[in-house]
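The first chain written gets the first letter, and so on, giving A, B, C, D, E and F; residue counts start at 1 in each chain.
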Amino acid sequence: MNNRLYFEDIEIGATRQIFGRTITETDIVLHAGHSGDFFPHHVDAEFCKTTPFGQRIAHGTMILTIGIGLTAVEINPVAFTYGYDRIRFVKPVFIGDTIHTCVTIARKEPDQKRETFGRVFEACEVINQHDQVVMACEHILLVERSNNKTT
Amino acid sequence: MNNRLYFEDIEIGATRQIFGRTITETDIVLHAGHSGDFFPHHVDAEFCKTTPFGQRIAHGTMILTIGIGLTAVEINPVAFTYGYDRIRFVKPVFIGDTIHTCVTIARKEPDQKRETFGRVFEACEVINQHDQVVMACEHILLVERSNNKTT
Amino acid sequence: MNNRLYFEDIEIGATRQIFGRTITETDIVLHAGHSGDFFPHHVDAEFCKTTPFGQRIAHGTMILTIGIGLTAVEINPVAFTYGYDRIRFVKPVFIGDTIHTCVTIARKEPDQKRETFGRVFEACEVINQHDQVVMACEHILLVERSNNKTT
Amino acid sequence: MNNRLYFEDIEIGATRQIFGRTITETDIVLHAGHSGDFFPHHVDAEFCKTTPFGQRIAHGTMILTIGIGLTAVEINPVAFTYGYDRIRFVKPVFIGDTIHTCVTIARKEPDQKRETFGRVFEACEVINQHDQVVMACEHILLVERSNNKTT
Amino acid sequence: MNNRLYFEDIEIGATRQIFGRTITETDIVLHAGHSGDFFPHHVDAEFCKTTPFGQRIAHGTMILTIGIGLTAVEINPVAFTYGYDRIRFVKPVFIGDTIHTCVTIARKEPDQKRETFGRVFEACEVINQHDQVVMACEHILLVERSNNKTT
Amino acid sequence: MNNRLYFEDIEIGATRQIFGRTITETDIVLHAGHSGDFFPHHVDAEFCKTTPFGQRIAHGTMILTIGIGLTAVEINPVAFTYGYDRIRFVKPVFIGDTIHTCVTIARKEPDQKRETFGRVFEACEVINQHDQVVMACEHILLVERSNNKTT
């Protein structure tokens, strides 16, 4: 669904919460094949029995990919991903865990280099079925300014 | 391949460069399905004709996933991913581009909370076939200290 | 996104139009592997040169799967798929075609067997980049009645 | 295997029964990614615990795709899919269920618009390991007439 | 389709030829992810420009997998794969090539260790669209003896 | 990682052992879709209950693909796969088994047809978590001779 929101329209403190998704063995096998990362922590269940977690854990890049992907249900056509800051993998995600993502508009500021854009910082928390944060990050977006639309 | 390197063994300025991988339409379709992000910038070639790039672009989370995945050829069993800082998508990646990743040990420091570990910061640059950086980030690792091994 | 709409809330003639998706060679290869249907019309480009279309065509079940999938962006938690009627593959879909789906509420009626539900009939048209209908069908939904919520 | 059967050769009442296939969590994850339909009924095991079924259910479009795909073992080069009628999802399919498809030639008739073709209606039933019909539909085929071959 | 053929029923010199399949970029990307083999000959188009072939080539294990898979249309329930001999990759397979497989019963012999079985040797040739053999191998099957059925 | 080893550099008896990988239901479903081999021994859990193994077994071509793929961590840019001999599937591989591959340089010999190359024969054993060999084969490589490099 399309939802055009200019820089000025975005309210600090606004939150979105999205439906969850269960992380499956399939997701881990697919992510290993997609990334080429077949480290034994992700794909060797026998090795994992010798680790503190005792089982396979999800790739960090997969938790980011699915955690952010879960928020991609509403398109703001005047917003673009600029980058991510402070990605932290706080707890491991295991096969069978169900995660959802909570997004809060943390702050916004003018963009120094681009007059017609502002930067919006979304605080993202990926949360498991025990209400534990498993990953946190700041998603930085470039968003068009509304005065821009009349130019 | 296993390559055990303790915190003290890791030299600042050391670099690794890894074989490349061509980003295909397949990768984008798989990443859309893996992440659930079917934004038209990634999967609608007709829409993309109306954008400045004129064509589909790779998901940011995919460039991170594959860019970091390309470095996952040598396992250091005493190192763990702690997080990522300052991920920036500098240029778009198009279907048919070939990327490789250049990793440089940028700096290291003791870990405040964990006596037996240090933090190592790898500067990662994902580079396309025109020698342009398309993504940059800092990969933060927790690495065991060597004095730890005799404890 | 969640959007609770009871049987009484649904207006005949209401339409939804959704962002498009380009049908790729990848989709056809994946659908062959998912369905187990490797008929040469879908996977043998040399054979297809001898057919009237001259090229590989998408599986009918894939056009239904993706065409309906494109509409799965907004969840109505009180609606359930009951079935499909009159699915017709009007024109072939080729690799590189971009399709979108247009959904119109065609009619609705009480459900004979289930007092607390009504049936809603959505007319779905899957349309290519030349504005040609490639598939049409009627999607039948069971939707809770609003008087049900106060019971 | 190729098996050329003209309209006149097809006998009403003839049945085919095909080997089965177990529906796995993998199939559901792949179908979500293929269709873009990540509704929580299919991918969120925690949410599903709160539903009457208590667990994830397969997408309707997947049961059609795999159910019909199971019949795609013998190619009749003079037959083409025209469409499907009366697709009904009679019972849910859960992870671990094994389905097979039973096809019966229900009826046939001349095609009004195309002299050299007739229409054949296959009654398809997708059946689970408890001998319960989980999906039923009518598969409509256009089949060349045999007098056509001498023209 | 089921086709029960006992050791005695299998005729030397009998051949089967099967519909073809076009090898796509998708197949190579999927096989890299499935096998974990991301060697640049398969996934780095820029590197491949510097090789004699000038382009990416299919993995040998994929040509075996798909070449043999193409023959898996008819099930002989009393035959089992014992192994393969003399697999040779005679020519490279490129993206866009279409392969089919020609199977000939080469010879058969009693099984020394298993009285109730015989060994059947199928000569398999995987052939491209230019009628060139790209892979050859001998597929060894254990097949039940028919006198076994009355025991 | 790149590791250039000429024919003369390769020592008979040298062994490599590689990290393991757990064979998942996902791998079997993906291999069925990749190969087109949906034989009930691999995809029909109900049928498999009636067989001696009582459960689904991995495709032989998949054990070769993953078993050899596990060895693809170090690239010798002057070596090329020539073929495989004596592939034998000694024991079945079940869902949940973890395999690793042990490679030993068995022997080497000049190549009769190509002066600048020699043949190296690697004995490969794919081994499960019970230390049982499940597959054995000989991997034949063409390796450049070192005197070749000065020509």
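Rule of thumb we're sticking to: contacts are C-beta pairs under 8 Å (C-beta built on N, C-alpha and C of every residue); 3 or more make two chains touch, one makes a residue touch a chain.
Predicted model, so just to flag it, every value in this text is computed and none were measured.
Under the contact definition stated at the top, the chains bordering both subunit C and subunit D are A, B, E, F. Taking the mean of C-alpha positions as each chain's centre, the chain lying farthest from the centre of subunit B is D.
Remark: rotation between subunit A and subunit F after Cα superposition is 120° (nearest 5).
The chain with its CA mean position farthest from that of subunit F is C.
Averaging Cα coordinates per chain places subunit D and subunit F 38 Å apart.
Centre-to-centre, using mean CA coordinates, subunit D is 29 Å away from subunit E.
Mean C-alpha position of subunit B lies 43 Å from that of subunit D.
For subunit C, residues touching at least two other chains, in rising order: 19, 21, 25-27, 30, 34, 36, 38-40, 75. Across the complex, subunit A meets subunit F through its residues 25-26, 29-30, 38-40, 43-47, 56. The part of subunit B that touches subunit D in the complex is made up of residues 30, 32-34, 36, 38.
Residues of subunit F touching subunit E in their complex: 21, 27, 30-31, 34-40, 59-62, 64-66, 68-70, 72, 75, 81-89. Put simply, subunit D touches subunit E in their complex at residues 1-2, 19, 73-75.
Taken together, the subunit F residues at the contact with subunit A in this complex read 19-22, 24-27, 30, 96, 98, 129.
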